[in-house]
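Multiple structures are listed underneath, in structure tokens.
You will see subunit A twice below: alongside subunit B first, and alongside subunit C after that.
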Partner chain A sequence: MIRISRPALVGLALLGVLPFVIRLLFSGSEKYYLHLLIQILLWSFIYTGWSLMGRFGLTSLGHGAFTGIGAYATVLLWNFAGLTPWLGIPIGVAVAAIVALLVGYPCFRLRITGHYFALLTLALTEFVRLCIVGWRDYTGGSLGTQPKRYGDGISLYAMQFEPDRVLSYYIALALWLFGLYVWVRVDRSMDRYALDAASQDEDAAASVGIHVTRERLKVTALSAAMCALGGAVFAQYQMYIGPDTIAGLGVSLNIVFAVIAGGMWVLLGPTVGAVFTQVLSEGLRVTIQGSATLKAWFGSAAFALDTAIYGLLLVLFIIYMPRGILGTLIERRRRSDAVAARGSERTNASLAANGKRP
Partner chain B sequence: MDCHLDIFFLEAVLNGILLAGLLALLALGLNLIFGVIDVVWICYAELVMVGMYGIHHAYKAGVPFPVAALIGIVLIALAGAALHHLVIRPVLDSAPINQLLVTGGVLFLLQAAATMAFGIDFKNLGIRLGSLGFAGMSFSWSRVITFVVALASMLALWLFLSRTYIGTAIRAIAQDRQIMPLMGVDSRRVYLITSAIGGGLAGLAAALMVLQYDIYPQIGLQFGPLIFMICVLGGLGNMLGGFIAAFIIGQFIAIGGSCMATEWGYATAFLFFMVAIFIRPQGLFAAKS
Partner chain C sequence: MLELRDIDAGYDGFQALFGVSMQVAAGEAVAVIGANGAGKTTLLRVISGLLPASAGEMNMESVSLRAIAPHRIVEAGIAHVPEGRRLFPRLSVESNLKMGAFAPAARARFAERLDYVYSLFPRLKERRAQLAGTMSGGEQQMCAIARALMSGPKLVLLDEPSMGLAPVIVHQVFDLVRRMRAEGYTVLVVEQNVSQVLKIVDRAYLLEVGRIKTSGPAAELLASDEIRKAYMGL
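On to the complex of A and B.
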């Protein structure tokens, strides 16, 4: 059982009433702000899914494949077989998990790690994207495709909810909370200690009886399944899927970098990463659109400015702040707490400030 | 599926060999850098893209093509050295995967900067070299020239690495990163020179590619994954392995593309790659240790 602390409960209550606050404050552009929040929540879920394995040194560039499999399996089964997403999503998630196991098993058995693992999973992403583009009779090729609308667009059977933004918000919120729950469960399990040990020294971990391959496969399948689920729900919300918006290398890299920016080793790090990237790109877009000088200055180039700044920030993050925004903040607070707790013992305090606990 | 062993098939095979020359050149630069510095520049294809734009603009400004190509090579060699100095050096001691990801940030930066500076339109140099007719088949001259220049430059690099003092130092650093500094080799200087050479090779590839391909900001995403695949297949850092792997992959793309749709050619190449890595995890041509 997971106990929820008081600040977390207050935060949850705030998130619960947020749509109504937005309705009061921005009655005209309520849909836009809700859309922004939904995007943040859905991507946070996907990012959290990636961080499950990313935090153990398994840097996968293959999760764009899993989001793509989830989204395309669900939509194609609905469009061409008439299968409800209630069954289509589990199938898509299962396929993604099986693909993850098929690729993961040889990788972990043969100890393909580091660069090789990253580049191999990158190939998986490309393979899935090319398959999507190649099957253009069904998938619409590089133009993408849309799930067929069912009735007026809101349907439990077809799992379509996009026109009702408030409903979509609560669905995204529930999914996000589920993602955090999975993260906490993994964080508190014995598997987490096993994986931590294996990421530091595989031989030592194996020698104390940890089945490294099995532990890694478990977390990989779980992580892939979560990303597939996220991709599928994203498709149901966007009502459009394209090989570059939900699959492909761009998505893979976005996932990895948002998590690094937010913080890979803390619960809300991926969420902070999603907030950061969305607010950055939307903020820049709105600022540039709103100002005549900036608009004239950048012209049509403005839409790439956010990516340029994003790329630059990522380089700076990895060099100067490898623990991410939230990770760095938490660590700083922990240190200052440690300093305060030690009070006047100057030697200990200075040691703590240097990160070395006496 | 529509495949016969006819003249078109032979043409596809030969075109695959011509393509492989270019791919081998692209993989060579990445392999050199990985072999010496132990870093994967995931933005390597984006450096090529920047070089292509540079050459395009120099040529359109009235500079003759060979000079424009030279400008491109020098430009990207400097860019490679700058990339190492500004981005790679600060993370040399951190986790290997951070070094790969930090260049991923550069990938985003270069792509977006190119979009802002040059727009998203496809650009073409407008040089038509015609094609070479041979036994009922035809090959565009630009591909033939690319192939010859790529092979010649690989030979030149090999001579440089095996015959010159600095080349020997580079190979020595690649063999043992710890001992060589003790023998009086300034590893920082060797790293910088290697990065500049790797960048120069990217610039050379750019000069050859502007003759064949339209330029657009995302062209790096088309070639990048392919180059990484070739390098890993040949064994990261193994230049000869990368060379052979380029020819294998080139055939998958050419034959697959001629028998099926283009994407399926690429898709089978990636599938072959994944299976091959599971059979030989350190690359097909890695020395057994």
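On to the complex of A and C.
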């Protein structure tokens, strides 16, 4: 079992009471802040799912396809077959995992990794988006569609909870914790070493007896399944799905950017990335909307500014902070601890040399 | 123990091995010698399943190895120490050793084998937490051999263990090979450093442009004028 440290427990308790703190502090805009938190948690889950494979050099731009498959399968099965999301979600997740295996198998067999893997998965995203747009009688095309509301909008059977923000928050929180649990399980497994080894030297990994293709397929299916689950829950919360919000290249790129920004190799890196990107995009939106000067300068193009800033930041992160925000902080702390330890050793040694007791 | 019959192999549109036949008996140390590009590395890659043979038969203790994936070949008792050592540079020494025991059967005996390998190479125990890529060439070779032993092999394939090492270190590495033999491992080593390797093996095969040119006891080859002229510059 996984042991939880004391600071983590305190953090969990804080997250548990957070909705009530918000209610006290911002009673007027409670819904807005909760919405922001829910978005952060849901995306954190999706980002964590992506980082499961991203950290092993498998840079997928295809995860926008998997979130899309999860969301659309769930909603379409509900709207047109009357199938409860309790069954629709597992189906969506399974379809995403199967698609991941179908795309992954030839890639890993033929040793397509790195740039070509990214391009191939990018094509997958575009393919899924085109399918969604083309199948507009069911999917609503590029306008998107909504799950049919069941009763008053809160229902266990229809898995609808959007009107109750506090409930939605706890659902998102539970999902996020589940994502962290999966990450830790993978991190402590033998598969993690195998994937790490394979990403450093595929031939050497094969020659020590690692079935590289199988290891990669396992993590790819898991990662795709998590993103599909995240997409489906996201759809249930938003009560709207569109090819731009939950499927497609924009989603893929957001995932990659957020995880790079937060840190790919640490447990909470994707979460930090989600906080960073959500706060950034909200901040930019509010600034741009509220600023007459920006609008006067750029006109309606001002609304595309956030994308430009995103792109610029991504370049800066890759150059100056390849370990991401959290990864860099942890690294720095470790280094300063090491320096401190060495320093105290040295003082001890010099004291001893002078014949004094430390 | 290992038997190859009429093995052909190659890469896209280029054949590297032509009808290679050879045997390695249990407990033997055998060398494959030859110049650059003779096909020595290809031969080892074929044996460990990294490159499929296009024709011929290959058996390990009378079990066919043809068309078997590399991880199965490791399970059959063959460990490959690849050319240029090929450690996982950003994993610690101990994690590298852990990877050597990746096969399920080996995993169960990980702790025991780790003790054994550390007793063979105390140097690695001192360096267990160091990143493998930051060690010296000789230590890396030691680590690569140790990693191969972690799978509990009967036969160890060594590809060019002296490559890129200073002469004094080469000596130490060949000493490691001698110790492996003393521990009861069967060894198949591929080398360009002909004069040195012939001193530590029982028999050798001479590979020239993908074909076995000659073979025999190491002492005989060491004394042969032809080999001395062509490969030792004497």
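Everything that follows uses one rule, which is that the second predicted complex is superposed on the first by the 327 of 358 C-alpha atoms of A that agree within 3 Å, B and C clash if a C-alpha of one lies under 4 Å from a C-alpha of the other, contacts with A are read in each partner's own complex, and residues count from 1 in each chain.
The working rule: a residue touches a chain if its C-beta (ideal position, glycine included) is under 8 Å from a C-beta of that chain, and two chains touch if they have at least 3 such contacts.
Quick caveat, the model's predicted, so the values are computed rather than measured.
Applying the stated contact rule after C-alpha superposition, one finds that A:Met190 touches subunit C and leaves subunit B untouched. In the superposed model, A:Ala204 makes contact with subunit C only, not with subunit B. In the superposed pair of complexes, A:Val315 makes contact with subunit B only, with no contact to subunit C. Of the two partner chains placed by superposition, A:Leu14 touches none, neither subunit B nor subunit C. Between subunit B and subunit C, it is B that contacts the larger number of residues in subunit A. Once the two complexes are overlaid on the shared chain, A:Leu143 sits clear of subunit B and of subunit C alike. When the shared chain is aligned, no partner comes close enough to touch A:Val279: not subunit B, not subunit C. When the two complexes are overlaid on their common chain A, residue A:Ile4 makes contact with neither subunit B nor subunit C.
According to the touch criterion, subunit A has no shared surface contacted by subunit B in one complex and subunit C in the other. Of all residues in subunit C, those touching subunit A in their complex are 48, 50, 69-71, 74-75, 79-80, 82, 86-91, 95, 98-100, 102-103, 106-107, 147-148, 150-151.
Every residue of subunit A that touches subunit C in the complex is listed here, in rising order: 190, 193-194, 196-197, 200-201, 203-211.
The touching residues of subunit B, counted against subunit A in their complex, run 34, 40, 87, 90-91, 94-98, 100-102, 104-113, 115-117, 119, 217, 221, 224-225, 228-229, 231-232, 236, 261, 263-264, 266-267, 270-271, 273-274, 277-278, 281.
In the complex of the two chains, the subunit A residues touching subunit B come out as 57, 59, 103, 106, 110-112, 114-116, 118-120, 122-127, 130-131, 133-134, 249-250, 253, 256-257, 260, 298, 300-301, 303-308, 310-315, 317-319, 322.
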